[in-house]
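Sharing a structure with you now.
In order of appearance the chains are A, B, C and D, and numbering begins at 1 in each one.
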Amino acid sequence: MKVSVVGATAYSSRELLKLLARHPEADVIHLGGRREGSPCISDIFTDLRGICDMELGGLGVEDAPEKPDVAFFTLPHGVSQQYVPKYLAAGVRCVDFSADYRLPDLALYEAWYGKHADPQNLERAVYGLPELFREEIAEADLVANPGCYPTAVILSLAPLVKEGMADLGGIFVDAKSGVSGRGNKVDEGSMFLECNEDVRAYSVAGHRHEPEMEHVLEVVCGEGVDLTFVPHLVPMDRGILSTAFVRSKGPADAGRLQELYEDFYAAEPFVRVCPPGEQPRTKNVAFTNYCDIAVTVRKGDRIIVTAAIDNLMKGASSQAVQNMNVMFGLEETLGLL
Amino acid sequence: MKVSVVGATAYSSRELLKLLARHPEADVIHLGGRREGSPCISDIFTDLRGICDMELGGLGVEDAPEKPDVAFFTLPHGVSQQYVPKYLAAGVRCVDFSADYRLPDLALYEAWYGKHADPQNLERAVYGLPELFREEIAEADLVANPGCYPTAVILSLAPLVKEGMADLGGIFVDAKSGVSGRGNKVDEGSMFLECNEDVRAYSVAGHRHEPEMEHVLEVVCGEGVDLTFVPHLVPMDRGILSTAFVRSKGPADAGRLQELYEDFYAAEPFVRVCPPGEQPRTKNVAFTNYCDIAVTVRKGDRIIVTAAIDNLMKGASSQAVQNMNVMFGLEETLGLL
Amino acid sequence: MKVSVVGATAYSSRELLKLLARHPEADVIHLGGRREGSPCISDIFTDLRGICDMELGGLGVEDAPEKPDVAFFTLPHGVSQQYVPKYLAAGVRCVDFSADYRLPDLALYEAWYGKHADPQNLERAVYGLPELFREEIAEADLVANPGCYPTAVILSLAPLVKEGMADLGGIFVDAKSGVSGRGNKVDEGSMFLECNEDVRAYSVAGHRHEPEMEHVLEVVCGEGVDLTFVPHLVPMDRGILSTAFVRSKGPADAGRLQELYEDFYAAEPFVRVCPPGEQPRTKNVAFTNYCDIAVTVRKGDRIIVTAAIDNLMKGASSQAVQNMNVMFGLEETLGLL
Amino acid sequence: MKVSVVGATAYSSRELLKLLARHPEADVIHLGGRREGSPCISDIFTDLRGICDMELGGLGVEDAPEKPDVAFFTLPHGVSQQYVPKYLAAGVRCVDFSADYRLPDLALYEAWYGKHADPQNLERAVYGLPELFREEIAEADLVANPGCYPTAVILSLAPLVKEGMADLGGIFVDAKSGVSGRGNKVDEGSMFLECNEDVRAYSVAGHRHEPEMEHVLEVVCGEGVDLTFVPHLVPMDRGILSTAFVRSKGPADAGRLQELYEDFYAAEPFVRVCPPGEQPRTKNVAFTNYCDIAVTVRKGDRIIVTAAIDNLMKGASSQAVQNMNVMFGLEETLGLL
């Protein structure tokens, strides 16, 4: 399978290139990325030496040496939408890491992200969370790879909202992310001295992933979902731990909830429901495609759902590979264990 | 002022001894601590060399070379209660770091901590949060130094509950603590390899500080408070960031709330209300007695209150010194700036 | 290929089991490890859930369900030597992670490690550094997997000493290791609060890996080598950076040295010589089998050689798999990229 | 004592302002720093709220509201030399944090740092290491505050070279610094994701502090010193651990060396010689003015000297305050314990 990676100088593409190097069916034929003088990607990310030493080329589908079967876009939102339509038009199946195709509602997209240059493809896109939308992904030619926080939070809440057990009027989610959640921009907030030995909340007044979570959960349960999301930055490289605070409709039973989650994810190769009394840890899922989840009942009707993922893997790159596997009918776990 | 430190081998007493060494009115005359062969405290905590090189002695009031004016107890809960009554009987004013005298309701104490050996002094104790109970502390001979999480959470919520603005039926609090929150026990969960690059929730099924928070907030507002608390461990030495999720009774106004917090803490030397748009950071309060607080409104009626303290300082040792200053009529900030 | 892992509860076997799960030719048939009640390995290392869920069995070759082709021993030194001879006697090829078979000189071994229970197999063992001893490893039935520090230091110095360019009378090596270098013992020195935000030297009076380095370098160059080694602990999970300070015999030429190193390792898949001006970083080799090396000339005749490895990988588990690949005539990089 | 701080937006001045706020004799009357709109320093460093809320003013002596007694310059090298002469001319005693006045040899300065704008004051400057130059500092009106690495390394080696025990022809020093050693520039190398979980050497081809170390040690012993210095970056906020590798002239005796160091620093309030078998740790000196030192003998004639300081404190700000105390005849430890 011939692969283009468009936006190769992002952190998430660094991880993606390592995964593709190890994937038995993937053959990267084209790296699109803007840097002066077409350097080797391994001169930028020196850990890639010997793993991927390709030169950077142009971002367009015409820059690929031959037509790829699939293209991964690790460009920022607002930029992906400028390239994706051309790849689609050329018959290339696309997996987009940005937010550009995650929200089918144009007005909602533009309220959070600004003007959209490719609104006509919004409905064509499938939300790339295989645990919930596997069949649609298999058929899709445009997959919107989920945001990192939404991956953890939606997997945490899907069983509850689908079963109608959650009071949808006031869910609170507190999430903690490693610093790679900020991407690889060089700014003051990303400095070691600003992040190390520190915890802080950010985007408390509203984070772009909140409408994404609400929208997808609404698709899952068919009702309006009102969710308040507060992310935090913690001093580690990678990982997200999300803690959802939910009020149950009526009394909640710990045993029944445990069973619900175990059943819901029984066939999923990448979701591990913790046994009672155990909690997810970001370290246990680091560098993997797993999402670990635990559900706990407090005070009769309050439900705490905690989930851990690696934001660069299940929250980005390995989930994209999982999507590719589903899209091309490969073994879903291929190259991911 | 002559000072005993009883339980000198705890992490919190290490910080306390540094503060007392710098305090112009305090003179440590007695270190109580159990270790074979009465070693110097600076042989155990080698960073204390040249700062405090006293030998460890017995834990009892009779082990002090002369009657101290004040004794700090940094013993575990269940042990403090065995020594405090004797110091009180000898006329020594006491500041206890453990949970032993924080809950005046014996049944509630025993439900969470087990049998109490000194129930008769429960009512005598004053909760040592000077921002709320300054006058009582000034008169007290037994001060229960607050828990680290309760310090942050109670200061976060006191203005809201006192003003009757919070729906008291369902407050959620998510807190993140550095590893020193575990104390200095040597166990698997405290190992570097278990904590570094990891975030995890713990005591999700119920944490002992929850009833302490509920109880004190009830004293503040005169009504029942129902609060669900979930603590997390983050990879840093010290610091707590707490995030409280509150539903407002009726619509919440950001400007009015900001003013409420600023007014409530206007005269407090150690509480800093963040200007709008700024968030507390544990790093900004590390090694200080400050509590930084921010209040944010979301979706009309949801209030997010974030607070940062140093768990070893405002959450333990420097708060104890602040209490001592209040008890003895000293300048409240003495030795703490 | 049927594989036994003997000593499965060590940190290095955790990494080994992940590598073997991914290795296309390896099939783990037996986990030897002592814990009450024969638990699943994934109940001890919960990150292994879904990756390796085998039960722990006895440590002996008779505890394997059938005769393995190869056995990895991740037991402490002094313990390996009790089991290895029996596996050898049963015709199983052995890769030992401990120091038990690294020093062919019994007196030297016993001076640093104590009495040896299996001296007769000392000479049979091959030192498992494929870059230097590939042919011997291919024939060996007992491979002594190198120590983590020696791997980095020997690869750093081999080109210099082999070419006769180093003054062998006074090499100094300063090495920095992540905390996993201590193994997974639960002691005060391994606690987060003792390691985080700290750097310290240890074993300054003499570290067991020093004679291992001297011995192997002597094999490489045929002369006596006098090396003084000082290790340090730095606050990170994994990785070793070693810095060797060497006096050149006569003036040293930067260009010629660079060429020497590039030529020496030109055919090696897992040694990457940094281009001039670049330095190895532990982060670039984390979770890989790479060793990155740079050589620099100072003040005419001083040579600084820096090298980075992942102590749990090239310094232990992935190097063991590399050895297995060589022993069984497999592609040397199989399962390691 | 009236104090100017010139260059107030540097990390080292942040620490300095905290120390001066606590110092009983210092009164900061002027903050010089360039930022648009003369903001409050506590709007830039929000942790200073309530500690120092002064506005930034111009950098010149004429910008002070009245003539200060002492001015601290935390400007970069090359910039200090533009302001210091004017303060001196106005009769203000100066403590300069930059390298501008540390090397009395103009040619040596210019070889490493470029053109000097104030060469005439080079000889007037005293090197501000009180343990070695206390009497000169007491008389000085221009003190060159030492570099962070030189502080640790010179204190490590002074006893040895003064006693003539070291082979001066080939000292190697390996040093490890926390990330604040890079200053507060916002660049890729300072990002959390680049520094965390990483160790790397830098400036291996030559670091500016090397000639500073050689020069001062030559002053101490009256002979030429040839020292090769390699610094490393480790993932922590603050702290330097230096490890010096020295060949002894003739056999070295551990007991005699221990005594030499203990005697040499017996009267020093801020140098702590570790008892035999103990090693300095950066954590033990963090946030203090201490330098902890240990000396170890290996293989008869090799001497390892390890030292730990806080690079922002004894390596910069608290050492500057110590110098001020000496210059003005105050108790040397005032405000520093």
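Please note the rule applied: a residue touches a chain if its C-beta (ideal position, glycine included) is under 8 Å from a C-beta of that chain, and two chains touch if they have at least 3 such contacts.
Remember, it's a predicted structure, so these values are computed and weren't measured experimentally.
Visitor: With centres defined by CA atoms only, which chain is the most remote from subunit D?
Guide: If we average the C-alpha coordinates per chain, A ends up farthest from subunit D.
Visitor: For the sequence-identical pair subunit A and subunit D, what is the superposition rotation angle on Cα atoms, to the nearest 5 degrees?
Guide: Nearest-5 rotation angle for the superposition: 180 degrees.
Visitor: How many angstrom lie between the CA centroids of subunit B and subunit C, rounded to a whole number?
Guide: Here the centre of subunit C sits 47 Å away from the centre of subunit B.
Visitor: When the centre of a chain is set as the mean of its C-alpha atoms, what distance in Å lies between subunit C and subunit D?
Guide: The mean C-alpha positions of subunit C and subunit D differ by 39 Å.
Visitor: When the C-alpha atoms of subunit B and subunit D are each averaged to a single point, how far apart are the two points in Å?
Guide: The mean C-alpha positions of subunit B and subunit D differ by 36 Å.
Visitor: Quick one: which residues in subunit A touch 2 or more of the other chains?
Guide: Each of 194, 196-197, 235-237, 281, 283 in subunit A touches at least two other chains.
Visitor: In the complex of these two chains, what residues of subunit B are touching subunit C?
Guide: 11, 179-180, 184, 186-188, 190-197, 235-237
Visitor: Using the touch rule from the top, collect the residues of subunit A that touch subunit B in their complex.
Guide: Going by the criterion above, the answer is residues 170, 172, 174, 176, 178, 194, 196-202, 204-206, 226, 228, 230, 232, 234-239, 241, 243, 245, 247, 277, 279-283, 286, 294, 296, 298-299, 302, 304, 306, 308.
Visitor: What residues of subunit B sit close enough to touch subunit D in their complex?
Guide: 21-22, 46-47, 49-51, 197, 269, 272, 278, 281, 283-285, 287-288, 290, 337
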